[in-house]
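Chains here go by letter, A, B and C, matching the order in which they are written, and residues are numbered from 1 within each.
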Amino acid sequence: MSCTSKESRAFSLAKGFYRMRMLALTWICAMAVGSVGCGKGSAPKGYSIAVIPKGTTHEFWKAVHAGAVQAARELTASGTVVTVTWKGPLREDDREQQIQVVENFASQGINGLVLAPLDDRALVRPVEEAKRAGVPTVIIDSDLASDSTVSFVATDNGKGGELAAERLGSLLGGKGKVLLLRYQEGSASTRAREEGFTKKLKESYSGIELISSDQYAGPTRETAKRAAENLLNRFGDQLNGVFTPNETSTEGMLLALQDAGRAGKILLVGFDVTTGFLEAIRVGQLQGIVVQNPFRIGYLGVKTMVAHLRGEPVERRVDTGVVLVTLENMAQPNMQAILHPPVDSVLNAGR
Amino acid sequence: MAPSPPRLGLHGISKRYGATEALTRVSLELRPGSIHALIGENGAGKSTLLNIIGGVTSSDSGRMSLDGMIYSPNNPLDARNAGIAFIHQELSLCPHLTVAENIVMGREPARRGWIDQREVTRVAMVVLANFPRAGLLPDQRVSDLPIAARQIVEICRAIAARARILLMDEPTSSLERRDVERLFAVVRRLRADGLSVVYISHMLEEVREVCDRFTVLRDGAVVGEGELASVGNDILIGKMVGRRLDPASSETTPPVSGDPILVVNDLVAPGVRHASFELRPGEVFGIAGLVGAGRTELIRALYGLAPVRSGEVRLRGLRVPSSVRSPAARVHDGVGFVSEDRKGEGLALPLSVADNITLTRLSATSRLGWISRRRQLDAARRWMNDCGVRASSATQRVGTLSGGNQQKVAVARLFHQDADIFLLDDPTRGIDIGSKETVYGMIRRAARTGKAVLVVSSFLPELFTLCDRLAVMHRGRLSAARPISDWTPELVLEECVAASGSPLGEAVQ
Amino acid sequence: MTRSRWFRWLGPLLGLAFVVLLFGFLSGDPLRFVAARNLRIVAAQTVIVSVGAVGMTLIIVSGGIDLSVGASIALTSVVTAVSLLQGWAPLTAALAGIAIGGVIGLVNGMVVTRLKVVPFIATLGMMGAARGAAKWIASEQTVNPPATWLNRLAVSVPDPPWLLVAPGVWLAVGLALLFALILGSSVFGRRVYTLGSNEAAARACGIPVERLKLMIYTVGGFCFGLAGVLQMSRLRQGDPTVAQGTELDVIAAVVIGGASLNGGEGGIGGSMVGALIMAFLRNGCQQMGWPNYIQEIIIGITIVAAVALDRWRASRPAL
């Protein structure tokens, strides 16, 4: 009796186990078929290009993605079939993870890499190894300390910092106290912005004192807010203006100013754009944002890569432009085009 | 002078735990090649004595000698190195390791830190060869072995360590009869090789089978010793119980009549082979028996903590389906339970006295799911007062109270719960005399107010003072219940230790 | 020597074969998936988790846990980089990093044995403390040392090509073999199993349990230190923010490899296979072009499924 009951129990367990495995297998197969259908099927011949952002959740990177896809679509329409694969590091802002993404792409028969390196040193080795394996790399957004790249497609970040300095300087009438909340060490793009800002401030507005420029906002909005709160606590009484060099640091500073009830009283010029920033400009809590053209970064990144693959000469440095958006100019059509790149329409049309 | 000193000699060993004297000037001689039985009631001090010999605890006074040399172990390792192996009730094997690995554990044959695997296997084979019928292989995993085989592995470990003395604390409590015989064969052969054994068991029949000499402990003192063959069971039992209880000391309660609130018919559960009894409002029903006889298992099955395999349980005349196995349902039915494991299961030690008392019926002190702190504290204070719980306040953490006061809290909870049936598993275990009296008072009061009380206890005098009726549990079987006046301590003890089939077992039904 | 202990390898190994075959088949180009180039990359990528898993296996088998792995890796990578920056010889700098790892392990062990703090909490505290120390020593930036031969330890294509895989991979293989031997047939290794299987029994058999734990956490720490040096080599810099959450990858590898968090079970071989399974899953998911979230879901499911399968196997009556 007990023997048969044990057997039947084992049998039903085994049955359950197989059913479970079948379900999982079906699921995996379905996904595989789906990805084959939409990914590889369209590119029997032509160029396959991987675009690797620093992260995937910022609005900025969505615009880069859209630009890259737009470029691929235009090229395909003009007769050169180009497919773009978009893949960020598994953990956002993790250098090791981004290295692994680069390495894995280099080994899987991709024609070229378009990479926004999280670090100007750490990504050198995988990029050089990729080159040795016959996979060239175009660097976008943030520079890499290596000669093994095809081109560097990015905002002129120093100029962006200068724009911010000019805006703060003119609003303050050439005197007062400002501070700079830096982003994070190791990020070349923000360092260039920070240097452009301090240089311009020193050259053109000697009446303005930079009372703090050694604090870092860290990787997230949360760390940025904490750093901003500490700074406001220390310098809040004497402070007239602030510059923050990227999206998260601007967000953190804006939040801290709002919490302290000093938004609009202390002038803030930020970098990059979100819908929240535009709203803040409208209500006078943000006096300006330096805006890059991420759509154009992705677009020109892919275009440059394809040109190189075709054997055409390319520039070592491609400037994608930078503008200052303020309450006064934000309604102009050229600004609107930069502020609202066709992200959704481009990305969803491909589906 | 004697030509050869005893293998192990104890001289005037005393040990106190706080106010209680666990051992009083105990002396004992263990001869080479002798199996020495240590017998006595629960709490007589047998395990304490074994722990002192095994180096687990130390004595307050007295001395020990081993083959004529002074022996004073500071820890189990010293005892082990002196050739004394302790085989605990709870096995101390590593279930993930193999038989051979367990046998050489702690003294692995090795060369410069690397284990000599062939030597390990060889040592294991040599000691296992003592037990050919056990069919053990060196590379079997211990977790795959039945309990009896594991016991053999423990004994093998002792032999491999060249032990001269084995301390065995109730080694047969979890064994079946067949395995008991096998174990005894092993022990006898070890004796033939000159090994000495100190053997603790409750089962007088088993003791007679394997031991040659005995020492009886009562209340921590030696009350008898000698050759087993020269005394009868009645004398041994008389020495173990020692005193006659004064029947006048128990309060006379009016005879209980009326419909039973709980009826149990031929109940079978894990550890319980047969139990039938009735419980009436206003009576205290006692269950005597040894630890491991199935008393606790019976109560747990009734409270829904263990499955009921077969048989019938009726509550207020209604059949309780055996599928409804949850303490929550029992609490709903008005059944209250005090666990024998106060710290592990009975109380939530980090919580306050108030929380612990009101735990099973928070509905009485809350509204719409929100606890009213004031009402909770009021209720708790009332029961603390009634039950004599000594605490600085109702918000004191239960873990900081003395054992006796903790137990009062555990019983007070049943009063707050307003249970109709009190299931009390060894409610005075390990608490001081004063607290015991208070708990007795609470039990009597419960009965007076029409509660039905079921008490399990290892302490006979307590059952005789408290109970109206009594039954004895032995090896999973509950005897017929009889009025307390029909029992004597000798009868109860006989029922506890005798092999099943004694006249009382089937007597009245 | 124990049949059953070696036998436990088999499950994870079959799992690994399944993963490799599945992705080889799905990618439509099985040869590329198992091509030397791709295998080299997977090997190089799994080096850090593998080396960490060697130490973690020791700790988990003994019934402990160490959550400070990621932070230890960050700290040792920073210490090695700073030492190089100070002009120390590469070997000295690497040894300094490994030593720091050992010190962290020693402190963990002391807190566990002397202060009687449960390992989970003790190492949770160390996780914060070591991460903070890393940022402090690095002045909250990455530390970029001059290029040395250390940088070539964990490249995916080795410098002298006859090495086949990076020196770091050989290092990891050697370490794994050494510790497989130690766990399997040294007195120390046997006592690690004893401790994890039944601590009370170990104590009763006269095994110095406290000293043993101290050794286990220290040896584990040395392994994490080596992982940190390799991390420095891969990034070519000391990065105080690196390896966030790596402790969970390492624990997952050990658990997928058949170890029980209750101790007493597990082995180096299984853990290495577990690390490889995770690396192949990542590599395969990327080759398929699946987005990150699918990869994360699959790895999550794999961990739970591996352990559930193991429990299911264990619950069957022994054959």
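Criterion: a residue touches a chain if its C-beta (ideal position, glycine included) is under 8 Å from a C-beta of that chain, and two chains touch if they have at least 3 such contacts.
Only a predicted model underlies this, so the values are computations on that prediction, with no experimental measurement involved.
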Chain-level touch network, classified as line, ring, star, complete or other: line
Closest chain to the centre of mass proxy, which here is the mean CA position: C
Most widely separated chain from subunit C, with each centre as the mean of CA atoms: B
Subunit B and subunit C: spacing of chain centres that average the CA atoms, whole Å: 46
Between subunit B and subunit A, distance of the C-alpha-averaged centres to the nearest whole Å: 69
Centroid distance [mean C-alpha coordinates] between subunit C and subunit A, Å: 31
Contact set on subunit C toward subunit A in their complex: 22, 26, 28-29, 32, 35, 37-38, 41, 44-45, 48, 140-142, 144, 151, 155-157, 231, 234-237, 239, 241-245, 282-283, 286-292, 294-296, 301, 305, 312, 316-317
Contacting residues of subunit C [partner subunit B, same complex]: 1-4, 185-190, 193-194, 196-198, 200-207, 264-265, 318
Contact set on subunit A toward subunit C in their complex: 6, 10, 13, 17, 24, 28-29, 31-32, 35-36, 39-40, 56, 85, 87-88, 90-91, 93-96, 99-101, 103-109, 119, 121-122, 124-126, 129, 132-133, 185-186, 216, 219
Subunit C contact footprint on subunit B (complex, rising order): 76-77, 80-81, 86, 88, 92-98, 101, 105-108, 110, 113-115, 117, 139, 141, 144, 157
